[in-house]
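Below, chain A partners chain B and then partners chain C, in two separate complexes.
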Partner chain A sequence: MSSLITLDHAWYRYPGREAEGEAESDSWALRDVSLTVESGELVGIVGRNGAGKSTLCLTLNGLVPHFFHGDLKGDVVVAGSSTRSVTVPALIKHVGVLFQNPFEQLTGVTDTVREEVAFGPENLGVPRDEVESRVDRALASAGIDRLSERHPFELSGGQQQRVALAAVLAMEPSILVLDEPTSQLDPVGSDEVFEVIGRMHRSGYTILVAEHKIEALAEVATRIVVLAHGKVVMDGSPRQVLTKRELLEFDVQPPRYTTLGQRLADRGLRSKGEEPLTLDEAARMVSDLLGQDHA
Partner chain B sequence: MTLLTYALCVTALGFVGEPPLLAGVAVFSLILATIGRVGRRFVFMMLRVIIPIAIPLFVIQSLFNPIGRTVLFQLGPLAVKAEGLAFATSIVSRLVALVSAYFLLVLVVHPRDLVTSLESRGMSPRIGYLILSTMRLIPQIQRTAETILDAQRSRGLRTKGNLLLRFRAYLPLMGPVVMGSLASLEVRAMALEARGFNLGGRKTYLRLPPEQPVDRLLRRGLVAATLALVVISVAVSGV
Partner chain C sequence: MLECRELTFRYPNGVSALNGVDFAVQPGESVAVVGQNGSGKTTLIKHFNGLLSPTSGVVLVKGRPIAGAEPADLATTVGLVFQNPADQIFQSKVEDEVAFGASRLGLTREEVDERVSQALAETGLSSVSASHPYDLTLSERKLLCFASVLAMKPEVIVLDEPTTAQDSLGVRQLVRIIGKLIGEGRTVIAVTHDMEFVAEVFARTVVMREGRIVLDGPTSSVFQQRDVLETAYVKPPSMGRLSQRLRLAETVLTVDGLVAWVVGQVGHRLGRAPS
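Showing the complex of A and B:
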């Protein structure tokens, strides 16, 4: 069975970068990226700012290179089509993208959340009844059905981001690409968005999420990809990647719970072994250390 | 759509109509505004726009227009002349009729309904988006500008004082506001693209303003009546 997403030695350079006199390899935002994603995976993409996370996200729905232009080398195949040869409108039926800033991705021309979410299906020319039912489903999935008659600009950042997510879901893509969806949200807003991401994954979506909130990612991801200087430098299950000490070499902090486990092991307070990744695992570790029954 | 047709018909009449007809149009607009429960706002907006224009126009035209021959009465050394007064009445009546029709449109019809109606009749969604986003996003840009201004004030920028000082204070605001707006625009353009805005096929509209059979009849009646009035006015003035 072929993969849902395949990047084969993909290189991408934004327009104008080649003229800045930079070293040839530094001018590329993506450098020789090879990656395959299977249906049903939830892939966390991590890396410091400028590592290429956003560019990778934009590559998956064709905005790179069709919107940004620039140079794309290698192959990017999404749902069986090369992003180079199909247009963005053809790809949006497969890939939905959520951007960082909740306010900037609202259309700005609608009066209610319901209208905002309906904007995409309306553009697709979906029959009116189907638009209605898609909107209802998307609002319910994003957990904002009670906000449907509110003005999008009057909502909190977290609520706006869930509106933007519902708007993407209403397009009914099979792949969700989320580019730092919680970077501008407070902790409550972030939790709300991650809760929806987890729910979407359980309902069968293939999700790629670029994110700095590593603890939240460790809770939901099935796989972690680390990018540095536009290259994939680590790739594996959350446990394989996030418990590796070399993670710090790429300016990515492991989850605090993992660090706690490592420090306790370093000080001889626990035997070296499997470090905790999530809050539950950390609680279990502490409980074990204290000799209590964690059941 | 019917009110837009009404406004366009009044625009056509504005070129050829006589003051009594145009005054009648303004009264009709007021009646419609009252039926639409926006009568008070309509009157307030009309007065706010018309009075500052009408008063100077009447004063200047009736006293100083060179076409004035017939003196109606003297105000000290100044003579109020009938021809100038008639000219001012003609201009103001056109203005009142036109403004009344467009204020009625703006007050009664939701901009989104108007744009949706026009789009469903073939207007490009890009133009529709341009109209709506200009109306909605400008207040947002103003809010951003205020935030940036507050930030700059907190770093010692003086914004109070004479005109030159105020102008200079606003210069450093331009860069962040313009560049910030352009950056937002890029993200918004990407988000719109990702939501099929440029698909180009036939769109569906969740909220299409209701269209009664009487609306079409009214529009046709309005256009026919306007054409008739224009023809009559041209014929009469030609004689």
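Showing the complex of A and C:
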């Protein structure tokens, strides 16, 4: 069976970049990206600002190249179709994208959360009854059923981001692409969104999430892809990627729990390797180090 | 340096954003203001340079009510760096943007140029000084707003969400710039959701909830108050959570602090163990 997402030597350059006299390879936002994602994975995409994370997200639902134009080389195949040969509306049925700022995503033309979440499927011509049941399911999945009659712009940032997520879910995509979904949120709003991400993953969604909050990502991701200058420079399980010291070369900080493990190993207090990624693992490491009274 | 007494503020639509805030900052203090979205943090700091006027209560800057202060005097006392650069940037060249405020302080041309190049150097923007601000990335535009305020050399610098849109390198740079300002004795106040940033930089933390200050004290003591923090929807930084999980007597906030604690524990045990 073919993979759900395949990028095969994909290169992408935004329009106008070739005319700016830059070095040829610097003008590309994605450079020779080869990546396959299987159904059910939760892939964390990390890297500096400008490393290509958002461009990669836009490539998956066809906004690159259909909306942004520019030059796309190589192949991007999503759910069996090359993104070049299918339209954005056709791709949207497979891929839902959630952007950083819920303000940019909410339509601004609806009066209630329920109407907002119904907006997408209604515009796809989904029958009324089907829209209603999709909206109910999406609100429940995003954990905002009790907000259904509220005005979207009277909600907190975390709640708005979950409304935007529910609107994406109501389109019933099989792939969710989340581009820094928590960057505008307070810590609790951010926790709420990560909790929903974990739940969506357990219920079978394939999820790609670009995020700087590495501690939160380490808790939920099954795989981490590191981008630098438009290239995939590291790719593997969170443990394989986040505990490697070369991560710092790409200006990505490991989880602080991992840094703690590395620092204790440097002091000779524990053997190197098996660094913790999460709060639970860090607590266990320190307890093991000091005996049971800190369990 | 800055003081609010019984400050309340109601927006014209009737929403009550501040419900009696008493708050004072001494010269040279570094203060983080944290709390849920909508808890009143940004409304509070907009009172510090007169952007908002209290519904009741007073704001004093250097002991004098802000209500009667000259905007030009205030500008050299309190500099506010907005969360969203679009609210602040209006020149078409980076260096002009940085010079805009500074050139209205009655300085000589040379002094202004000197301040501009220094502010650009400190924020790492020297190489883009001739660019159009909108050719910069969002994280660079945020640093540009910071540079514009630095060039005014205000005694108090107030930042609204400086770390949003910054990657880890951008955050490191902010930590360095703000650390330097604090080291020079400048007063720095920041509204932020980034508790790791709070733990690393700020000596004092104020927690807001529903327009009130619910905690105010040394950062490590504030992060110890788990019950109150929970009601304010604030979460300690990762090392704080770890030290609470490990039931440490004190809440340690940084990796350095936790390494030191483990080293101390191990040393203590070795000293105690029979040889």
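As a convention for this text, the second predicted complex is superposed on the first by the 292 of 295 C-alpha atoms of A that agree within 3 Å, B and C clash if a C-alpha of one lies under 4 Å from a C-alpha of the other, contacts with A are read in each partner's own complex, and residues count from 1 in each chain.
To be clear about the criterion, contacts are C-beta pairs under 8 Å (C-beta built on N, C-alpha and C of every residue); 3 or more make two chains touch, one makes a residue touch a chain.
Source: prediction; values computed, not measured.
Q: Touch check for A:188: first (chain B), second (chain C), both, or neither?
A: second
Q: Thinking of the overlay built on chain A, is A:279 touched by chain B (first), by chain C (second), by both, or by neither?
A: It touches chain C, and chain B stays clear.
Q: Which holds for A:264: it touches chain B only (first), chain C only (second), both, or neither?
A: second
Q: Quick check for you: in the superposed arrangement, does A:123 touch first (chain B), second (chain C), both or neither?
A: Only chain B; A:123 stays clear of chain C.
Q: Could you tell me if A:49 is touching chain B, chain C, both of them or neither one (first, second, both, neither)?
A: A:49 sits against chain C, while chain B stays out of touch.
Q: Touching A:210, do we find chain B (first), chain C (second), both, or neither?
A: Neither partner.
Q: Based on the superposed arrangement, let me know which partner A:253 touches: chain B (first), chain C (second), both, or neither?
A: Touch status of A:253: second partner only.
Q: Residue numbers of chain C touching chain A in their complex, please.
A: Residues 35-38, 137-139, 164-170, 193, 195-196, 233-235, 237-239, 241-242, 245-247, 255, 258-259, 262-263, 265-266, 269 of chain C touch chain A in their complex.
Q: Of all residues in chain B, which touch chain A in the complex?
A: Residue list for chain B touching chain A: 110, 112, 125, 129, 132-133, 136-137, 140, 184, 187-207.
Q: Show which residues of chain A lie in contact with chain B when the two form their complex.
A: 58, 61, 63, 67, 88-89, 92, 96-97, 99, 101, 104-111, 114-115, 118-128, 131-132, 135, 153, 164, 167-168, 171
Q: Using the touch definition from the top, list the residues of chain A that touch chain C in their complex.
A: Per the touch definition, chain A meets chain C at residues 47-50, 156-158, 183-191, 212, 215, 251-253, 255-257, 259-260, 263-264, 267, 269, 279, 282-283, 286-287, 289-291, 294.
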